[in-house]
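Take a look at the structures listed below.
Here chain A shows up in two complexes: once beside chain B, once beside chain C.
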Partner chain A sequence: MIRTAPDEMAGLKQGEGFLSLRGLTRRYGPFVAVDDFNLDVAKGELVAFLGPSGCGKTTSLRMIAGLVPSSSGHIVVNGREITEVPPYRRDMGLVFQSYALFPHMDVARNVAFGLEMRKVAKADAAARVREAIAMVRLTGKEHHRPSELSGGQQQRVALARALVVRPSILLLDEPLSNLDAKLRDEMRNEIRDIQKRLGITAIFVTHDQMEALTICDKVVVMNHGRLEQVGTPLEIYEHPKTAFVAGFVGRINRLAGTASGGIAEAAGVKVAAPGFTGPVEVMVRPHRIVLSAGAAPAGGDLHQLSGTVARATFAGDILEYEVEAGGVLMKTEAATRGGETVHAPGTPVTLSWRPQDTFVYTAS
Partner chain B sequence: MDERPISPALKASALVMFIFLLAPLLVVLPISFSGDAYMAFPPSSWSVKWYGAIFADKQMTAAFSVSIALALVVTVLSLLIGLPAAYALVRLKPPGAEALGSLFTAPLLLPTIVLGLAILLVFAPLGLLGTFQGLVAAHLIVTLPYAVRVLSTALATLPIPVEEAASTLGAPPLTVFFRVTLPMMRSGMVSTAALCFLVSFDEVVLSLFMTGPRISTLPVAMYHHVEQQADPMVAALSVLLVFLTLAVVVIVDRTAGLAKTFVK
Partner chain C sequence: MSAIALPARSARRIGPTGVVMLLLLPIALVNAVGFLWPVVNLLRMSFKETQATGALIDTVSTATWATVLSDSFTLDLIANSVGVSLFITLLTLVASYPIALYLHRSTGLWRTILLVLVIAPLLTSAVVRTYGWIAILSSQGLIANALLFLGITPPRLMFNLTGVVIGLTEILMPYMILALLSGFGRLDPRFEEAALTLGATPWKTFWRVVVPLTAPGMALGCLLCFVLAISSFVTPKLLSGGRVFLLATEIYDQAIVTLNWPVAATLSMIVLVLFGAALALYTRALRRIA
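Right after this comes the complex of A and B.
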């Protein structure tokens, strides 16, 4: 294993973050699963690792937990280097997608397992187990086996089991993926509430941008083992740094264009593109586009594109259009307010949007 | 499981198969209660004297004790050797693990008579013929492939995240093994034990090569007894063996679930 020199550690001993990752890398032969991952997480923050499957988010989490050895780089928790520490001495609480409860133990013994390993005195342990089970609202189910519980209840047991030991960091690996939609929303808020109440530092791995945006303080977007952007949900959504982030977080329309002299032209629309030359992609989110029937009215400084309706979908709370414009299908959506006309396919329309809602990226 | 209606034709053919499989038993049971001096069906008189005769026959009771002790020792050793072997093959995945796995099951593919002859040739110069240790070694050759196979399957189907969860909760590797892995393998362990016990207890061909005037196993003693005299004692013994086997199967069913253990 290749380790970087100790002097590279200087400066990350104190104050950088409760959890600091420095150049964390994992290779499988020639394949790089996680490439030079750097991150600082403050105490009490809930941070999402967001990305498509195979982007390295789970591998990163497993490296922090110690279940996957890192090829190079450092993991520092609260000023203590733990890169070489085995998982059972790392003091992390891990919640799995598959719950991973001990099938041969009842709920109480599942929750008590970590305390038993830490040799916590019996009476103290019993009180903490009771408290943890109450926290996840499972009082009365202490003597049920995991197989007798629903998916949501099993995941709550897993959460209690991870939290009862008061770990330094709570790691959640797609904890909601196996639950149905309604339960997922409920559990998501429950996880957020408990995390806030305990003030515990937590990392939440997910491929679901909704989960990441709604409950996390900070979102780390990953792709192909590389970090694409780190920021608050608002920053990630409103100011995506890369075309990948723009496309992965939220829905997006893409127009191919060319840039020169600080102006990019795509499908006849001219947008500001300072610093870009050559082929670019111009992007705008569907719900930031205003669709109006007929030819373009004088739009002031709005970007405008005319086309014809290809498909109209009335979905109750929103009205969606696919508009053939500039050689591509542009999607628009707007919340319904009642009384609007649904334009039939073939209707000529104009799409308008504000310059600040326009993203420009170098074409890949 | 889905409840689907079973057609009368299927029921009828199942019944025929059951009769075919159980018919020998249906003949043995009445003969075991025969009052005659020789095996005949149907018996001309009834008695339980042949059950008494088993316990009076010193050779038979000695062979029975040997068989039980042998099966127990072989079962325990099979688990003790098979479990680490399966763990190494499935979890540590050394280079060539698949080839090794096939190699370990190879004795099952050899005709037992060939195996018996080979064991005879190897064991004779070592002075293992006609000894309890020799019998244990010979039986292990047949039971270990089963043990490694069944335990490997049991281990391979365990969800690894459960062990990882234990590890992140502070359990060192050995604790994880004894507190989590082993308990989760319970049904695999029970079925392995039952299988090894029955295979050893039933084994005739290898034992024929290994036994002699000093030591004999029950199946071999029965075989020799039938060769010499055709009295109904062997039938009585067979009935006892059927019940012993049944007892083992019931124990497996109660502790691990039969369907879960054998039908995987």
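Right after this comes the complex of A and C.
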């Protein structure tokens, strides 16, 4: 079953991750769902596959689980090539978006299913099932049918069912998107806690950048089947490599401009743009912009843009502005401290931000 | 009705229960005239007697029942009919299940085409389809000729139980497939994927996940096919050549040939009891599954 491809496998032996993807590709006719996906995941890491729907993140997860065959490329887990191994011999724990709990079995039998398939001795299995159910705080619900449980409880049963077999990798496919907002935050932290406690390697597929940033060690941003950037949440947020990553992770203001001689000019603001020529996009996050009333004070090395308030929104914890400046609508936001004046629409204001908060990309 | 409701209002208005009753009235009437009354008639007929000459005696006695239930021929007939019908039901289930499963999983135009193919036989009368089987199974038929061409002596495929089983199974398959499909609603491919990732082989997945989830459909299909098989008359009559004795054909012979209406009525009542038993079994099975 082991595929040997000396060229592709070269270098895999040294410094390889616990899970390694090499050139993983999935084509559906002429459509490329996942294109040349390379990734190394260290043992115990929680990695997010983040991207909009249709970006190939779920297809990638399903290829790792063995539910979708890959068109080309390799999947290696702990030094073992599993690209051609059927799903039932891959030793993965998968949690589905819809939970996929067996409706004809109660909680205990759902959780016991994987152990039964692995022919774990009855007494041992019973103890492990009890332990897994306790881990997700569902003791007492053993004999409930999935239909009698709430969404959050079903989610926890799904987690227990996937983890009780002690899989080598835990795969989570949009596990929180069917839960309401409050429960989602709770479950997010619970998943993180359990994953950390067990030290299990996990892949977390999500379209929600908050989920990816807050609980994952590493974020893989995908778009149109291609990998845009891999990095820690901090790297992804503070140093987005592409305009797509900058726009998808967090909110952003975009200014169209032109670059020449290492300087880009957009809406009258000159920013450093080493290596860029031609049309560019200059971006800055709303909460990194400081809004001040009136004409620009001596800004020092800050980038500055003057405009007029188009809309002010007081949202309690934050104060948001839309400012008409340089022909575009710039958004700003700041945490409220109490006592600030809300500038009425039409008020002339100055927007300032630090050079290091400015991103420049070649315009697409 | 609450005690403080104005009498004038409650007299003029019909409550929700009243509307339901009113809507159910037409079908209740049709059933009373078209089903209940004939059944009562049959029941009364089964308590009459016939003379040795065949003349009907207008009396009320349990003599016919006693004769029928003590006659080893009729007892064998009942056991045989139930056995053959159960066997045909099982065969129909086994033959229809893969088709229904494939149909359930196909999509778009292909699914429509397949559905039409499944339903198409229902648009042809069972008589015509039975004659079709005669053309295939008879000693000068398609199979016999093909086997003879290959130098094999063809086995007897018609005018025996084999013919009846083959013919009825094919005729009942559309009903079974439609019943199975109606019960496949719970079968989400995610359940199978979950089982696979949990280490279940495709075989184990089928038995532990697919079969239990499709059990309601199977129960419904089996009930339907058993009832249709035990009451079918044309196909067994034509394909058995009078050599296979089943309840429905015997009732026909008693009523039309022997003109012993009390016996025919008694046997009919026995079929009705068998229906009731099948229905009771079905409800019990369904309660266990759900």
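Just so we're on the same page, the second predicted complex is superposed on the first by the 354 of 364 C-alpha atoms of A that agree within 3 Å, B and C clash if a C-alpha of one lies under 4 Å from a C-alpha of the other, contacts with A are read in each partner's own complex, and residues count from 1 in each chain.
Please note the rule applied: a contact is a pair of C-beta atoms (placed from the backbone, for glycine too) under 8 Å apart; a residue touches a chain by one contact, two chains touch by 3 or more.
Since this is a predicted model, take the numbers as computed values, not measurements.
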Clash-or-fit label for the pair chain B, chain C on chain A: clash
Touched partner set for A:Y237, first chain B, second chain C, both or neither: neither
Which superposed partner A:F18 touches (first chain B, second chain C, both, neither): neither
Partner chain in contact with A:L94 - chain B first, chain C second, else both or neither: both
Common interface residues of chain A - those touching chain B in one complex and chain C in the other: 65-67, 86-94, 96, 98, 100-104, 113-114, 117-118, 161-162, 165
In the complex, chain B residues that touch chain A: 159, 161-162, 164-173, 175, 179-180, 183-184, 186
Residues on chain A engaged by chain C in the complex (per definition of touch): 65-67, 86-94, 96, 98, 100-104, 113-114, 117-118, 161-162, 165, 171
Touch list for chain C against partner chain A, complex: 186, 188, 190-191, 193-202, 204-205, 208-209, 212-213, 289
In the complex, chain A residues that touch chain B: 65-67, 86-94, 96, 98, 100-104, 113-114, 117-118, 158, 161-162, 165
